[in-house]
Amino acid sequence: MKIRIVVPIISDVFNEEVKKEVAQFKAPDTVIDVVNIPKGPASIESHYDEIVASVPIAEMVVQAEKDGCHGVFVDCFGDPAVDASRELVGIPVVGAFQPAALTAMMIARKWSVVTVLKNVVPMIGDLARRMGIESSLASVRDVDTPVLELHDKGVLESKLLGQIEKAVVEDGAEAVVLGCTGMLGLAQSLARKMASKGIPVPVIDPTASAIGYLELLVRGGLSQSRIAYMAPPHKERRF
Amino acid sequence: MKIRIVVPIISDVFNEEVKKEVAQFKAPDTVIDVVNIPKGPASIESHYDEIVASVPIAEMVVQAEKDGCHGVFVDCFGDPAVDASRELVGIPVVGAFQPAALTAMMIARKWSVVTVLKNVVPMIGDLARRMGIESSLASVRDVDTPVLELHDKGVLESKLLGQIEKAVVEDGAEAVVLGCTGMLGLAQSLARKMASKGIPVPVIDPTASAIGYLELLVRGGLSQSRIAYMAPPHKERRF
Amino acid sequence: MKIRIVVPIISDVFNEEVKKEVAQFKAPDTVIDVVNIPKGPASIESHYDEIVASVPIAEMVVQAEKDGCHGVFVDCFGDPAVDASRELVGIPVVGAFQPAALTAMMIARKWSVVTVLKNVVPMIGDLARRMGIESSLASVRDVDTPVLELHDKGVLESKLLGQIEKAVVEDGAEAVVLGCTGMLGLAQSLARKMASKGIPVPVIDPTASAIGYLELLVRGGLSQSRIAYMAPPHKERRF
Amino acid sequence: MKIRIVVPIISDVFNEEVKKEVAQFKAPDTVIDVVNIPKGPASIESHYDEIVASVPIAEMVVQAEKDGCHGVFVDCFGDPAVDASRELVGIPVVGAFQPAALTAMMIARKWSVVTVLKNVVPMIGDLARRMGIESSLASVRDVDTPVLELHDKGVLESKLLGQIEKAVVEDGAEAVVLGCTGMLGLAQSLARKMASKGIPVPVIDPTASAIGYLELLVRGGLSQSRIAYMAPPHKERRF
Amino acid sequence: MKIRIVVPIISDVFNEEVKKEVAQFKAPDTVIDVVNIPKGPASIESHYDEIVASVPIAEMVVQAEKDGCHGVFVDCFGDPAVDASRELVGIPVVGAFQPAALTAMMIARKWSVVTVLKNVVPMIGDLARRMGIESSLASVRDVDTPVLELHDKGVLESKLLGQIEKAVVEDGAEAVVLGCTGMLGLAQSLARKMASKGIPVPVIDPTASAIGYLELLVRGGLSQSRIAYMAPPHKERRF
Amino acid sequence: MKIRIVVPIISDVFNEEVKKEVAQFKAPDTVIDVVNIPKGPASIESHYDEIVASVPIAEMVVQAEKDGCHGVFVDCFGDPAVDASRELVGIPVVGAFQPAALTAMMIARKWSVVTVLKNVVPMIGDLARRMGIESSLASVRDVDTPVLELHDKGVLESKLLGQIEKAVVEDGAEAVVLGCTGMLGLAQSLARKMASKGIPVPVIDPTASAIGYLELLVRGGLSQSRIAYMAPPHKERRF
């Protein structure tokens, strides 16, 4: 199975880490490559960033299908351009929010998200409401750190531990989703540290869920419903 | 009060009709102009059309604020780029779905939408679910007519009457929203014709609601919450 | 356009202030008058007060239509007798809750109400649940002050600032509605003071929203659905 | 235990039948009397009828407490003035909707109401939404018969059988509530006739549920929460 | 009326107390007996305990019908095997959760449960969500005490008072349900003590509600819908 | 990865077919074995069948963990004993409903289930409501065929095609889940036949989703939350 990861920012700063991350989680016969978008934002932290990234993302998804990929992961927690891309191709396309949310709902009744900045907190609420799953979402918290400052893993881990604990103790979360795909390589260590504090809360890495979901769909012969995501009518479009 | 209408397509085919329509509905001291987007789709009938239109829409909204407008109506029922635009300006920005939906909820408990094509039916459901108002939405129906073929008003009116009747009789709608801003100049005549058939159902023109809502917000000194729509962080964005 | 405001209490203590308030918010061609009810309570702070006021309110609404008014605002946050009045007339009738709530939902995803007394907190929850919008209502708070003691604006403003801050910081509100139509002349100053504390939260005056909504409906040729609000059958009624 | 039934209309046309009905359903130690209201409507079939009946109902409830009653049943499916009455007395007050709905939810997941006229269909939806139980309400149907024409039991039963069958087969109801307290003496016979058609659907008489619920509350030492229904503040009220 | 209480544990430690409790709440013509299950757990505090108890419970319910009982109370707050038992008999079967929840919804808009251990908190949430009533459930709290240690009434009462107060003040509960049928003989004294602290919150004993509900159903000629709970098809079952 | 499938019936009639089915869907490094339960029902078509199967299922899950399995699939669409089993082991346990439902929610907004008999239709509704996902569930339909008569694939396929078409056309489903794990080997052929009729609806085989989900969880180092599924307290249990 050939899966393409579209990291929807103009820099390749996360690419190596993403490759390393997915290598641990993928099935042995899954081949993965990682690309960026040629135009768009340096990171995605607003509705505005999402629309700036959207047309380039859709173009990369179309290219992935042409290149014979079996599935595409749009590697951003806001699921930017995922709906539009699903209209354009036959292969399954997933973002990071949906797979992580649906994984959380399998292993817990109530779950929380810990994301980067207050700016995106209402956007994540929108995603949950749009799917009709908001009643299981205990809370959305943030570590008050922009995407491009996530590289200091020590500081990040400490902030995440604090917010995860609050999500469980104050908000009633039974599982926690890391709410930015830039929070790489931390989920399992966070879960271990929480468990050692007496809080056995699963911590979900959205990248792992996305790859797992694509494998599930491809092996099951499934893709997005063409009743839900009809091909766009032909017409003039000026870029 | 100075309001700008951004018709988010590359042709000005609807502009004159929009001007005529709003002239009937606006307050006497409201001054309105109508612009298009320089790049984008010929019409909006898919998620893909929405992302193609989004950056140009946001640019026109920013320009409207620079030009001293007091509010902007993004004249499309899918509310494309409305969230992103709200992050970029201080003046109120509305699309067509939200004002029409919130007008329907004022005058009826259950309401339906009649839109253009099956393609956009699930998109309208998304908008309602995202706002948490889906329990009052009785149904979304369509007249199976692309936006650019709405000009034959006789055919359109007859199809609309059929779907409006079904919305009331089969789905329980107490009010009906015309689900495309291209369905101009018909709402009041449709309501009269339905009433003469013994079905006194209000028919809501989303354009009228949008202008009324902007007047309400501007006179009330209100705009979108900057807690809900924070300004995007500064960063590199490549177009 | 001629709009009548029915202040549903037996004293005219609020009438001048209401007139001054609406003068700022209305369109230039809107003519407004303000009346009281001849029988009923001194203020409305319970279900019991609502039923005591209801028949007199309905009579004043019927009179307004006879007097050629184009719309009626029942000037109380509990929307007393609004449903019954809508059954009796063809012109649009609004209370204060619905317009304020639907304005909040336009500019924010989550909103709170700050009202007068604990007594009415569950009543406001009822209004939101009945409309199916409770999922967007972050909280209902009170300033522990009866309606007839709202005149001390200094004390009131200070209590409101405290509760608005809690609504935003603790409950997640992105906009706040003043939950009593006796809280006049404060919304914009409260919003400015909150903004100067770093909390840019819109504060919605329900009176301004109600007038704006009536203008929207009247200009759009709309009124309450007669499918939702059928005329009461003829029968004996003894008063 | 002493229970008073307030039939909230100005005629005693239903009183004897009500007494006969409750005699079958009450516990042996329950003593029941039936009163009317001195002013109000001839029947309740609109929001307007409800407000016309409300103050007289509340007065009769207060009198019942003074007379040493242990509970009051406001004998109308719209629960008119029940909230206001609960604020005024310490003894439990119930209408007909709530007990019937909560009985249906005990014995079935999905239930429907069959009521008198289209006019009251949206009012019953309001009652369900206000309690947050609308997701279990399969449908509200009507027999298109005014309250004061329910006396022809043969016609009524035949219309009810038709609507009950549709509620089960088309709407998915697993139990059906008779949606007017004037539909007396029919529930068990309707259930038998449905069962003999191969549709074993329980039919709930709201009068039986109301009496049973009052007995449950009184024996359990319970009444409406005074946190939910606080006593109205003292003030001038002019009648 | 003959009602059987099935205490679904292998010890009779609670039986005498249950008999004393119900003697206060039942109607004079209701005859009650209490039985245990011959196999199963010592107490029910997990999904696992529920499945261990389930087949023995169902057998006792079948026996109750054979013995001429008119109704059965499965005396556990988790409603174990209630659905399965309802499929097997014609007489009404209730657990403790549903009657208590539906009683709370009659007397309050928002209610909380105080139960024994954290283990069962998510199970109670499941029961509420399954019935579609979770929006009225303010919170589920626990006293951190296993079922078999509830006998120290002094300690228990003090812990319950603390959690009930938090349910009202922090969570917005207007009524509180004791979330374990082992919390016998305390509801009315707890309510009095809360009232004397200025918090007039009704406290609901699930045993009293269950008996009251069975009386309501039996007197009303009602039982679980056989559309909702069809008899299991004949087939081989090996025990 | 070693996965055990527990087919929770006393006969091995489905085992070979299950093995063949999963061989197509599993990853190359996944090793799967299939076992039955020694006691229990011949098939599961009622709440009663579920409780009869539950303790044996839990015992087989515990044994699977002892045998070094990495995950367990309880191969029944009603998810019997899944919650209880999750309390007993550290490895992930899934039934068939949850994985299929969460797969449907990834590829469609609205989805339907087509199951075996009317008896289990309300049970499937319970599962959806309990997870808070009922708003995306368009309908539950049945082919009126007991589990043990599913072997006539020709008849079954034809009935399924009929119900799937109704789910899409009448109920608005965008994807359909086969609601019994005995409906093996049909999903892809059903999807092809529907597509050839102009209805491109994905058909989800719950077995494929369950295996895919277990692979996702095991590769991601995840299992059910021990906050949601705490280990049962030690106590006497008599079998």
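Read from first to last, the chains carry the letters A, B, C, D, E and F; within each, the first residue is number 1.
Note that in this section contacts are C-beta pairs under 8 Å (C-beta built on N, C-alpha and C of every residue); 3 or more make two chains touch, one makes a residue touch a chain.
Values in this document were obtained by computation on a predicted structure and should not be read as measured data.
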Same-site or different-site touching of subunit E by its copy subunit F, using the half cut: same
Between A-B and A-F, the pair joined by more C-beta contacts: A-F
CA centroid of subunit B to CA centroid of subunit D, Å: 43
Subunit F: positions in contact with at least two other chains: 109-110, 122, 126, 129, 131-132, 134-135, 174, 228
Every chain pair meeting the contact rule: A-B, A-C, A-E, A-F, B-C, B-D, B-F, C-D, C-E, D-E, D-F, E-F
Partner subunit C, residues of subunit A touching it in the complex: 122, 125-126, 129, 134
Parts of subunit E lying in touch with subunit D, wherever the complex brings them together: 24-29, 92, 94, 98-99, 102-103, 105-110, 131-133, 135-136, 168, 174-175, 187-188, 191, 199-202, 204-205, 208-209, 212-213, 215-217, 219-228
List of subunit C residues in touch with subunit D within their complex: 10, 38-43, 45-52, 54-55, 58, 81, 83-84, 86-88, 117-119, 122-123, 126, 129-132, 134, 146, 148, 228-233, 235-239
Contact footprint of subunit F on subunit D as seen in their complex: 109-110, 135, 174
